[in-house]
Amino acid sequence: MMRLLRPVAGERQLLPETRLTGPVPWMLAIMMLMAVLAAAATLAIDNGVARIGGDLERRITIQLVEPNPDRMEIQRAALLGYLRREPAIAHVQEVGADELKRLLAPWLGDTGLGADLPVPAMVDAEIRAGVAISAISRRIMAVAPSARIDNHAAALAPVAQLMGTVRAIAVMVLAMMLVAIMAAIVLAVRAALDTHRSTIDVMHLMGATDAQLAQHFQRRAAVDTLFGGTVGLGVAALLLWLLSQQVAAMESELAGAATLSVADLALLATVPIIGATVAALVARVTVIRTLRKML
Amino acid sequence: MALAMSGIVQFENVGLRYGTGAETLSDISFTLRQGGFYFLTGPSGAGKTSLLKLLYLAQRPSRGMIRMFDQDIVTMSRDLLPGLRRRIGVVFQDFRLLPHLSAFDNVALPLRIAGVREREIYAPVHEMLNWVGLGERGAARPATLSGGEQQRVAIARAVIARPEVLIADEPTGNVDPDMAARLLYLFEALNRLGTTIIVATHDLHLLSRITSAEIIRIDAGRIPDPTGQLRNPVGVKPYRTP
Amino acid sequence: MMRLLRPVAGERQLLPETRLTGPVPWMLAIMMLMAVLAAAATLAIDNGVARIGGDLERRITIQLVEPNPDRMEIQRAALLGYLRREPAIAHVQEVGADELKRLLAPWLGDTGLGADLPVPAMVDAEIRAGVAISAISRRIMAVAPSARIDNHAAALAPVAQLMGTVRAIAVMVLAMMLVAIMAAIVLAVRAALDTHRSTIDVMHLMGATDAQLAQHFQRRAAVDTLFGGTVGLGVAALLLWLLSQQVAAMESELAGAATLSVADLALLATVPIIGATVAALVARVTVIRTLRKML
Amino acid sequence: MALAMSGIVQFENVGLRYGTGAETLSDISFTLRQGGFYFLTGPSGAGKTSLLKLLYLAQRPSRGMIRMFDQDIVTMSRDLLPGLRRRIGVVFQDFRLLPHLSAFDNVALPLRIAGVREREIYAPVHEMLNWVGLGERGAARPATLSGGEQQRVAIARAVIARPEVLIADEPTGNVDPDMAARLLYLFEALNRLGTTIIVATHDLHLLSRITSAEIIRIDAGRIPDPTGQLRNPVGVKPYRTP
């Protein structure tokens, strides 16, 4: 990498210090930005799905709906007793009255829970990995027939589906951008060769070797792509940070799950470097191939 | 024959055809002596530049044999050409200065390509620019130089690396007669140091000035005398003088 | 528009028939593609949200969980009777036993509903627009105390939230792409002016007017952008079609809601034409401004 | 004074400075008669091309007054310049052919810019190409033409629209003496039809050939005779002839 960027002795005086062509580095920056965003989206969704699959899938909420308060109390005690005994349950947490009121408010309006309405009981539980939910469900129904069991994963199925679609689009965009970046580099190097064709001709006739000429173009392509990549990455980083702030403000457990690890961020940071290396290679091959056609 | 073999350049039945048209050069045969001074003359469009292109290795002939520096140019490996090209200096008819480089850097280019160290570049380049009367204009880009000034930079660039063969295509078309005489003196000095010189020109004064020079006439792509030996002793003018 | 594209008499012989610069039209195509995809995503999500807000929000599911089969039957009859009488309810539909079994299978496993488990009853209902869900809920609880009411909109809240985030990203990408396309056109026109500078100089000195010279560049910019825009739009259309196939295969009511209307598609189709017009104007202004600096 | 007023070009105390350097042209004053034939000569870098640039409206002077076609060029509105430029034909020192156009289209360019209808273009362009000896090469791109051929295309382009003023900068530097004579004959013919002709050249033969021509000498940016009237009667050679 460093070897690609180091100017050759006296090279400044050999070829013009112009960019590949006017708009190309900026377009590379934009495509890099899109590629980084798409890659970030893919990684974030993968992380989110892993969390949903791993974490949320094993959480259930049990609700007791029983108009008779005495029976309700019996079932509630039986349920909590069973759940606390059951070795397949990792964690049990009864939802308090305040929390319940907050959850039910949208259904019941401001009047809240009154005497004419039974107060349901609600318990959150986490099942240990590897245990079938259906088995636990049957046993719960046996001790508390009024229980109604909610599986978080099932409730989140449409979200997971939507996330899958978004991920598919992100992967598609990423693939398109990578192809486009490669194509842009090839086209830009060719255009640069065209622009500097007479310079190349003259230097060639003065005895410059193919390697000498390629050296310059490969360095320039690398510098331009590194520039575009760094700008693109920088803007992408800014946008991702803004987005993470927004997600944090949403207080959504689900969106919160779709975060990027340090390893992911490091991976994204390599994008410009990989781009520059690829650009240098593309430039070298293009230049040497063009020169081969000359005497 | 032994003498012919010692020639630095030999053409034998060389033909050149651009694309699919008629031959631009046909049956060109001649030998250039090492250390010789040659004028190449003939009407516009006769093929002078085309012949020089073969000499400075910008073009392969369509047929025939060319030897330079005792090597067969036509069949030789492409990798060896840069080495040969560095032994040849060229003044192009259209100068071909690099527009983004200063006059100084244009003249320094052959040295830099040959890998000469940076601190060994300044002195000779500056001296050469002085020689062609442009000592003060080293920093100027070609676009800000007059036609004659550009031509002089092109000449300085061609001779800076002391080539074994100097090829100049109409090198005085844009300078005044005094400057032309001065440049010709430069060529003569190089020639005396052993450089083989070939100058294509329409300038009749130039032709008459170097008494030791041989004149090669070319017309419609042919060198009229078909023996392949050099002809045109000095003094035979290719055109009527007014 | 047509006036921009019509070649001037003899114009072919005035300026070179080259593209703006090698890679630019293709890069424009890619950015147009991204812009169209982002615009499509925005429109689709807006449509989806409108549907969720309008349609799904007014749908509720009522579940009766009552271990005593006799009481269950009484409450079921009372519930259905009430719902059918209630003028605020637009539509009532009891969920059949087969459908119920399918819905409960994930919770209960293969054994399904046996004698030891009460069979719940489930009713879908659609509330008329403008009626508060809370009022209906209270009345339902009065006739059938074992009822448990699910509001679709509440269940879909995280989905709506995620869709909002995706929409925000899409709008951002769209804005970025529009800015980038404009910038790319300006830069490309400038680069083209640079490349053809000597040609412009010569024609200028021969008495060509600013308008004559601008004419050519504006036409070329329009043609190039139209090319890029059409290619980008074409690829975008293909991708959107593929995506719509995938969504259709998902059979998700939600994803199905996020579709594009004919008007939306027509709007998207104008993108290359607007792009070409903008490009022509940018080119004209850039050229004339450059020429103004010349004598 | 009346005669001076009837001049097609008048320079009064014109100075030209590129950037911040010294003046390239200083105190230039002269008048060109309508229908006159003028040679502009002087050493390389003297300022010939710079002076011509003022004449063909490529450059504004830094100071002084220039009148052409009875209009004040310096203060005139930019919108009126294209009209004046179409009355001037220019042969540039470096040709400036458009590389993407054929020889034919290059020559046709001034007609097309002036809005001449397409069917009225072929005949005159073809005839002009024949005149300069390139009737067969109309389809060739400049890059495939020899130096002299390019120069002739540039001349054909400059004269095709029968300009009122023809400005030629070293127009015969790349052609042989026979062709130079032929081209000069073309200039003379135009001159006889009323075109004012200004030719910058180093070519001594050219200078001596048009007996009716007046010679303007320029040296280091100044026209040595400061009276502002034309001097140098025919026969005064600007350089010693060899």
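Read from first to last, the chains carry the letters A, B, C and D; within each, the first residue is number 1.
By definition in this document, a contact is a pair of C-beta atoms (placed from the backbone, for glycine too) under 8 Å apart; a residue touches a chain by one contact, two chains touch by 3 or more.
Everything quoted here is computed from the prediction, not taken from an experiment.
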Exercise. If you take the mean of the Cα atoms for each chain, which one ends up farthest from subunit B?
Worked result: C
Problem set entry | Distance between chain centroids, defined by C-alpha means - subunit A, subunit C (Å) | 20
Problem set entry | Cα-centroid distance, subunit A relative to subunit D, in whole angstrom | 68
For this session: Please report how many Å separate the Cα centroid of subunit C from that of subunit D, as a whole number.
Result: 64
For this session: Could you tell me which residues belong to subunit D and also touch two or more other chains?
Result: none
Problem set entry | Interface hub residues of subunit A, defined as touching at least two other chains | none
For this session: Just say which it is for the chain contacts: an open line, a closed ring, a star, complete, or other.
Result: ring
Exercise. Could you list each pair of chains that touch, in label order?
Worked result: A-B, A-C, B-D, C-D
Exercise. Contact residues on subunit D for subunit C in the complex?
Worked result: 56-60, 78, 81-86, 90, 92, 96, 98, 100-101, 105, 108-110, 112-114, 118
Seminar exercise, completed: Residue set of subunit C touching subunit A in the complex reads 21-24, 26-27, 30-31, 33-34, 37, 41, 63, 65-67, 106-111, 116-118, 120, 132-135, 137-138, 141-142, 145-149, 151, 154-156, 158-159, 161-163, 165-166, 168-169, 172-173, 176-177, 180, 183-184, 187-188, 190-191, 194-195, 239, 243, 246-247, 250, 252, 254-255
Seminar exercise, completed: Residue positions on subunit B within touch of subunit D in the complex are 18, 42-45, 48-49, 93-94, 133, 144, 146-149, 152, 169-170, 173-179, 202, 204-205, 208-209, 239, 242
Seminar exercise, completed: subunit C residues touching subunit D in their complex are 9-10, 13-18, 198-199, 201-209, 212, 292, 295
